[in-house]
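First chain A sits with chain B, and in the next complex the same chain sits with chain C.
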Partner chain A sequence: MLYVELLAQGLVQGSIYALVAVGLTLVYGLLRILHVAHAGLFTLGGYVGVLVTNATGSLLLALLVAMVTVGIVGMAIYRLCYQPILDKPPYVALIASIGLFIAMEEVYRLVFGPYGISFENPPLQDVVQMFGVTLRLGEVATAAGTLLLVGALAVFSGKTRFGTAWRATVTDPDMAESFGIDIIKVRYLNFFIGSAFAASAGVMVALLNNMVEPTMGSVPSYKALAIIVLGGLGDVRGTLLAALALGVIEAFGTIYLGKFLDRDAIAFAFLILVLMVRPQGLFGRA
Partner chain B sequence: MSKITNRIAVLAVAGALISGSALADTVKIGMNVPLTGFAAADGKSALLGAELAIEQANAEGGINGTQIELIQYDDLASPKEAVPIANRLISQDEVVVAISGSYSGSTRAAAGVFQSEGVPYVSAYAVHPDITKSGDYVFRTSFVGEVQGRAGAKLIGEMLGKKRVVVITLQNDFGQSLAAGFKEKAADYGIEIVSEYEYSIKDRQFGPIVTKVKADQPDAIYASGYFFTAGPLVNQLRSAGIDVPVIGQEGYDSDKFIEIAGPTSEGVLITTSLDRDSTVAETHDFIQAFEKKAGYNADMVAASGHTAAKVVIEAMRKAGTTDRAAIRDAIAQTNLVASTGTISFNGLGEVKKDVQVQIVKDGAWHHYAVIDDKDLLAPPEE
Partner chain C sequence: MLGLGAYEISVITAMGVAVIFALSLNLITGFCGQISLGHAAFYGIGAYTSALLTKAGLPIGVGLLGAVILAGLVGIIVGFASLRVRHDFLAITTMGVGFLFVGITRQLDFVGGEMGVSGIPDSGLSKAGFMLFVLLFVALTILFSLHLKRSWMGYSFDAIASDEDTARVIGLDVSRYKLAAFAMGTALAGLAGALYAHNVRFIDPESFGFVESITVLAMVVIGGIGSVPGVIFAAALLSILPLWIQFFDEYKLLLYGGLLFAMMRFSPGGMAGLARRIFPSKTRGVKS
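So, the complex of A and B:
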């Protein structure tokens, strides 16, 4: 039973990784930018989520507000930070992104204080028993919410005209443009969806920890990079699977290897092992 | 008559100017403290605590009539920032003494610089054993981790009578020295350590550990951490239905812990340096004055910053000079009632004081017990 519980914990953690990493892999797929500041948007999502919940008492409303606001901030980052330097070599955007991320952390500290903030009445704290596994309602909501969002993304990109245009642009931007697709609009949409997903992850982490702090994004900032490499850069399905796999490996690793390796070390040892065998990532094509 | 008074006044002013230029205008105390980065919250408390001590001393006439000035720099709790800061404080600002309001890494790095330049340096709350080993100019007003770990073993094994214990350890010098002290004395109090887990300072989600602890069915949990790790940890342990006592340490010692863990923080016990319900005037007054100055409740770090500043101020008053060797000797002779208790130092510069046990009751920290076993709490001598 312990193993099943650990598996469940791993999948919950993996869901959060997935929501953060999807946005990152979308940006990489479209623009070949490693968008480190994405983790800063994850933190912002947490802050908006807690503040709106405390003000209105509704977690669902807070989730929506967080996703929309952070989505818009994500678009603004594209417009103000990345668009002017798109024709520069990729490391220019990477450095800009790292700088932006550090600045965001310090702005959160100045605006919201160094101590972090918590829910006044933490929602979804009850415990449920399912299939012999004990989970907090917040953890169930995290897994279910991830499934819902990823499902919606799959339907959107597979079944709608805009989704088709999006996939076409990721595959071959020049060709897509010559077919009359507005690739600028696609880029904005890309940043909106990716950032909104990161915001939802931020709200869920806020819920699970009952705390949002300025440096909340520091671990996701590099772990999400590891995940998208594992998943085969730019590959959404691969990223989702890699995120879940990593969550589960960390859950078991924390218990059975925790004495020798901390959580991050386990993640990166796994990354190195995989890359030695499959340099293109777990699910990438050679 | 009026002429004479005028002349006296002129002479007095001239005298003041002469003495002002001969001596310094102020006595300078240096401080390295993290004001940005992950440790900024503790840094803020430590700084406000130190500022309060200096304001109080200046209101009483400073150091024998000379006002005290605090010169602080943000060290981001990083060793590579702390070394240049120590050099700047010594050579550019010419501070007489210095205090650390920072964590172990930066304090340890700065301690070497202050020692080699012969500037007395008092660490407020950094726990690493090597800090005081830098030399005879370095002192510490907080417990080393081992001492507090031993107190934790007595609290669980003897005072609470719990024998099957799970140890959850934060993977840094703080957590590991606590665990070492705890394990050293565990057997003496009949404690059996059922299992042991480690986590990183970046972890906030403890799902796998909580799951395993539940299977272990311990009588008590000894978990090291800071309020920002312990808050989520306690919350997650309780949410999973684990209701055995959780024993923490001074890292929990903040109202933020209670805010994060919410109602699940009730009954959590910690070993620390600040007694909220203290009837000692010094501690009682400090708690009130700090709240007035800071706008939030005092915590262990604030009290430690206040204590460290007070130690150097008292030593300078007693030494009656800005000679650093004389001040060092005066610090070594300290016997002071401070907000963190009655303190003195051993030969290594480690503090000798009682351990306060606090409990969360009705959403606030309260007195639970005092551990004053001198042998158990004896700090390392070398």
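So, the complex of A and C:
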């Protein structure tokens, strides 16, 4: 039973990683930027989620508001921070992004206080029995929500005209532009969707921990980077698989390797191991 | 001594250590163009090595030497990774090395685990003597950096930093130069770490985490990637700013983050680039 339990926990954790990492890999696929500040948007999503839930009492409304506001903030970050430095060497955007992320965390700390905020009436705390393991409703909602969002993304990018334009731009921006696609619009859309996904993850983590702290983005910030690298940088399907895989590996790893390595170190040991064998990532094409 | 109080002496010592540490990363990231987000790991390896060796009763000279050698050896191993993965992949790999270091030291009992190592022997010199000792190493590191930059190897690093593939085409042994950069940079970081350990006399895994790696990267970037005077200036400035104005402590990270971002956004060449723009040198041309 322990195995099933660990697997379930790993998958719940993995879904959260997936929601954060998808946005990151979308940004990387389109602009070749390692968008560390993405984790700052994840945190912002958590704050908006808790504040709106406390004000209105509706978690669903809070989730929507968080996704839309954070999506817009994401677009603003693209416009104000990344667009002017796109032609610089890659480390420029990376370091700018790290700086932005640190500054964002500090702003949250100064605005919302260092101790974090929580739900007044934490929703979805009931416990359910599923497949022989005990899960909180919040955990089930997290996994289901992730499935729903990722499914919606797959339909959107696969079945709509805008989705086709989006995929075309990721594959070859110049060619896409010559076919009349407005690639600037695609970039905004890209940042909006990616940031909205991060925000949804933020709300879910807030729900699971019943807590939003200024530093809650620190772990996802670097862990999501590890995941998108594992997934092959810019490959959405690979990123999803890598996120789930890492969630499960961490869940088992902390039990069996916890004596030698802590949770973060397990993730990175796995990452380094994979990269040395497959420098293009687990699912990346050579 | 020298009319300095104990406070000034400790500040100058910390500044000196920061300058060595920043210049060591500048060798790898600035000169050779290989980004590292886990440089604090080597600083940590140096600190732990020297701390444990001297605690075992060996003289400080052996401690420093051991720190330099071990950090350099691990650096070469990580350097091999830089041959395998490039650019963004390398950034994440080195970041992983940083987390691995913290994760391992936290769990290993013989290096003190979470509690770290305390009661590290001091240098046997007076406070002022140790400051001069550190400053001597600072001077040596600066001379070494300046010399390296003007040497054949420095020019090769430069070529690799600006375009690796072209460097390979014109016949440079890119792998060997990259390994050399990693070996030298990490060995120097080990030295800085050892000096740090003997200065503060207490170390724990948290002192060498991601924040520390970013801080040293901030020094290099804000100073101006590859510029020796720029990096020295930024390292000295950023290491004393928080001490200088107590008010900053609360906002220290905001300041770091903001500076890092603003520098990249508005002047990717750092302070050195800014200086070049404001005072264009006639002999070297306006645009460098």
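The rule is simple: the second predicted complex is superposed on the first by the 286 of 286 C-alpha atoms of A that agree within 3 Å, B and C clash if a C-alpha of one lies under 4 Å from a C-alpha of the other, contacts with A are read in each partner's own complex, and residues count from 1 in each chain.
The definition used in the following text is that contacts are C-beta pairs under 8 Å (C-beta built on N, C-alpha and C of every residue); 3 or more make two chains touch, one makes a residue touch a chain.
Here the structure is a predicted model, which is why all the values come from computation and not from measurement.
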| item | value |
| --- | --- |
| Which of chain B and chain C A:164 touches, first, second, both or neither | neither |
| Touched partner set for A:259, first chain B, second chain C, both or neither | both |
| First (chain B), second (chain C), both or neither touched by A:272 | second |
| Touched partner set for A:106, first chain B, second chain C, both or neither | both |
| Which superposed partner A:84 touches (first chain B, second chain C, both, neither) | second |
| Which superposed partner A:54 touches (first chain B, second chain C, both, neither) | neither |
| Touching partner for A:205 - first (chain B), second (chain C), both, neither | first |
| Doubly contacted residues of chain A, that is, touched by chain B and again by chain C | 106, 218, 258-259, 262, 264 |
| Complex contact set, residues of chain A against chain C | 28, 32, 34, 81, 84-85, 88-96, 98-107, 110, 218, 222, 225-226, 229, 233, 258-262, 264-269, 271-272, 275-276, 279, 281 |
| Touch list for chain A against partner chain B, complex | 2, 5-6, 9-10, 12-13, 106, 109, 113-116, 118, 122, 125, 127, 134, 136, 139, 205, 208-211, 213-216, 218-219, 250-252, 254-255, 258-259, 262-264 |
| Sites on chain B touched by chain A in the complex | 36-38, 40-41, 43-44, 171, 196-200, 202-205, 207-209, 211-212, 214-215, 228, 231-232, 235-236, 239-241, 256, 259-262 |
| Chain A-touching residues of chain C, taken from the complex the two chains share | 29, 35, 81, 84-85, 87-89, 91-93, 95-97, 99-100, 102-104, 106-108, 210, 214, 217-218, 221, 225, 251, 253-254, 256-265, 268 |
